[in-house]
Amino acid sequence: MLDPTTPLEGVSDRLASPPLPVELIGLYYETGGKRVINDLNATIDTRRITVIMGPNGAGKSILLRLMHGLIAPTKGEILWAGRRMDRAMAYRQAMVFQRPVLLRRSVAANVSHALGLHGIERGKRAICVDEALKLAGLEDHASTPARVLSGGEQQRLCLARALSLDPDVLFLDEPTSSLDPASTLAIERLLLDAQRRGIKVILVTHDVGQARRLAHDVMFLHHGRVIEHQDAENFFEDTHSEGARAFLSGGLVL
Amino acid sequence: MIDRLRKRIVLALGLALLLAPVASTGSFAADDDFIIVQSTTSTQNSGLFDHVLPKFTDRTGIEVRVVAVGTGQALKNARNGDGDVVLVHSKPDEEKFVADGWGVKRHDVMYNDFVIVGPASDPAGISGLKDADQALEKIAEAEAPFASRGDNSGTHKAELRLWKKTSVDPTHSSGDWYLETGSGMGATLNTAVGKHAYTLTDRGTWLSFANKSDFKVLVQGDPKLFNQYGVILVNPEKHARVKAEKGKAFVDWLTSGEGQKAIASYKIDGQQLFFPNARPGT
Amino acid sequence: MTDFIDAFRTALGLIVGLNPDLVEILILSIKVSLTAVAIASLLGFAIGGALAVYRFPGRGAVSAVLSALMGLPPVVAGLIVYLLLSNVGPLGVLQLLYTPTAMIIAQVILVTPIIGALTRQACQDLLEEYDEQLRSLGASSSAIVVTLLWDGRYRLITAVLAGFGRAIAEVGAVMIVGGNIDHVTRTMTTAIALETSKGNIALALALGIVLLTIALAVNASLIWVQRLANRLAYA
């Protein structure tokens, strides 16, 4: 189990270089007759952790997928350092989903498979796999079938797998919403460390406490638009919008 | 690491096991020493081939592969070139086969006879009749069940020739008492026994049939029940694949003294099934 | 009833005595069906995986046809191959009629749709779970197919066993294209048909019992594989 007080070891010192700023220009996304993203405009140019928050149905998950290139906007553009996303850029992004998605193979094989998809030869993968397992605190479970791990362990593995791909940008869609506090802490520690190494972390979360702990930059979504976007300190102390204020105080935002 | 090695070994073993049968199926083998004879189910079911063919193979080293279907189908297959020799028992059709150019020459090989068999209870009362078509007439009158081959075979055509001599067209009652099985002799006999039906069969198949129940031979000896077998080499000029030399060797052997003796020596319970009658020098 | 008792006695005698004819027929049946299933598996995995992952116009129709072909009657498959391989048919020059190879071809046609359709279903189910993650990891469509096939391996094994069960038990196809030639193309099923038509009911039943035993063994291994998969959480 990861000890939150000791510094992480064996982590590469390479600094990531995310293509910032990210510009979301006039984004629309419609599905099933519904307009989920409705003229969304924003610019993210900080290298620190950006947290996207908002009530259910605000479009947070969809926005994340749009930025990661999993779905295409109905209208509008997403520019990374002024360029549209291409294959090369896509390879330098990774995502962790709300529920851990692991293949029906061992823990080590899951990481190895992902590395393989990124074109890393079998012979060269071992080191990355070991590093990833150490990061996730799962070195002792290398040959365990990944799907028998606990929820927290699985999500740690997913995060470690994503990090092993050496991404510049890391998206997370409510990664700890169903995890116990210890696992949540482990994940958060990994995220802070990732940010320290230069990786741009964009995190969707429901958990206000988590946002407070991690965020340096907060984007508040409502009805498919950005209602508020400012740095965390100001957001939590002195939020501008009514929606955000209601959300933060635990009320239902319609 | 050891797990991976173990996995690899198991995979390799499994693959080897899977491919071993493939490797040895080898029907592309250069072993070309065989001919295909299109013949009839009745001849095969009688067991004649099991008795006679090994003698030919011993003599010549040529394997004989018999495809047993109805006479009609055997001739059709031969017409398509899917055989080297044809051995059936329907003289008019055989002569037409040669006349149309599909066969080289027709030779008499052997004969036996047809018999009408039926349940011991003999509902139509035909036992002992000397006239086959008279027996069929009585069966039709009594509307007693009768199983017909219904498959364009030599036996079927012989049966139809007999019906022509009566005043009855049994096909009008197909499905009532006249049961057209569309099957080989053995299968038809099974149906006949199962349905307590009369049927026309060649003696050879009947003698070797193992499911007789209480059935008996009820009508025999009518010259109209004479059943002649003929053998024909498929015309190699029509189909390049025909193994003319080997096929001719078989035809020659079958009609020679040795082959004819082999045919005559086939007996079941001391009874001879086929009577060789190849004319010498043909 | 006596037929059944005779049959069991005969069967036991044949099996225990390792009757050479029986052994020869058994080996041929297994050779033919095993080979056919091996080939059908390669084809079926590829077709099923591709159908699940790649999008193209008419995809739904192809999937429907594949599923429908699972019910292709063996005699029809046999007839089709027969027409192709006959001396006067388009592939007549190969001279494959009445050989074990022809039987294998016919059974490949029978079994491929089964494995293909079951593979497609397995891959589709897996895809629902994996699609986003795999695309996030940068997998190309072909990489996704390979990933799904390996991940669905237990379900695929089930499909293969189902295909083998179908192949070893059918008589229509092998009878027509093989010709039931003694020592060459006579399998368990065609031998049963022949012995039945000769009235040798006891022997036919005996062969049937042996065939049934194989079918039961196949089904038993199916259940065992599924249990194993569940135990390893690989189901």
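Note that the chains are named A, B and C in the order they appear, and that numbering of residues resets to 1 at the start of each chain.
In this section, a contact is a pair of C-beta atoms (placed from the backbone, for glycine too) under 8 Å apart; a residue touches a chain by one contact, two chains touch by 3 or more.
Since this is a predicted model, take the numbers as computed values, not measurements.
Using mean Cα coordinates as chain centres, the one most removed from subunit B is A. Taking the mean of each chain's C-alpha atoms, the chain whose centre lies closest to the overall C-alpha mean is C.
A separation of 47 Å divides the Cα centre of subunit A from that of subunit C.
Separating the centre of subunit B from that of subunit C, both taken as means of CA atoms, is a distance of 31 Å.
With centres taken as mean Cα positions, subunit B sits 77 Å from subunit A.
By the touch rule above, subunit A contacts subunit C in their complex via residues 65, 68, 70, 90-91, 93-95, 97, 101, 103-105, 113-114, 117-118, 145, 147-148, 165.
Interface of subunit C with subunit A (complex): residues 129-130, 132-139, 143, 147, 150-153, 232-234. Residue ranges on subunit C touching subunit B, taken from their complex, read 30-32, 34-35, 38, 86-88, 92, 95-101, 104, 179-182, 184, 194, 196-201. Residues of subunit B that touch subunit C in their complex: 18-19, 21-22, 24-25, 27-28, 36, 41, 45, 49-50, 65-68, 77, 80-82, 183-187, 189-190, 208-212, 239, 241.
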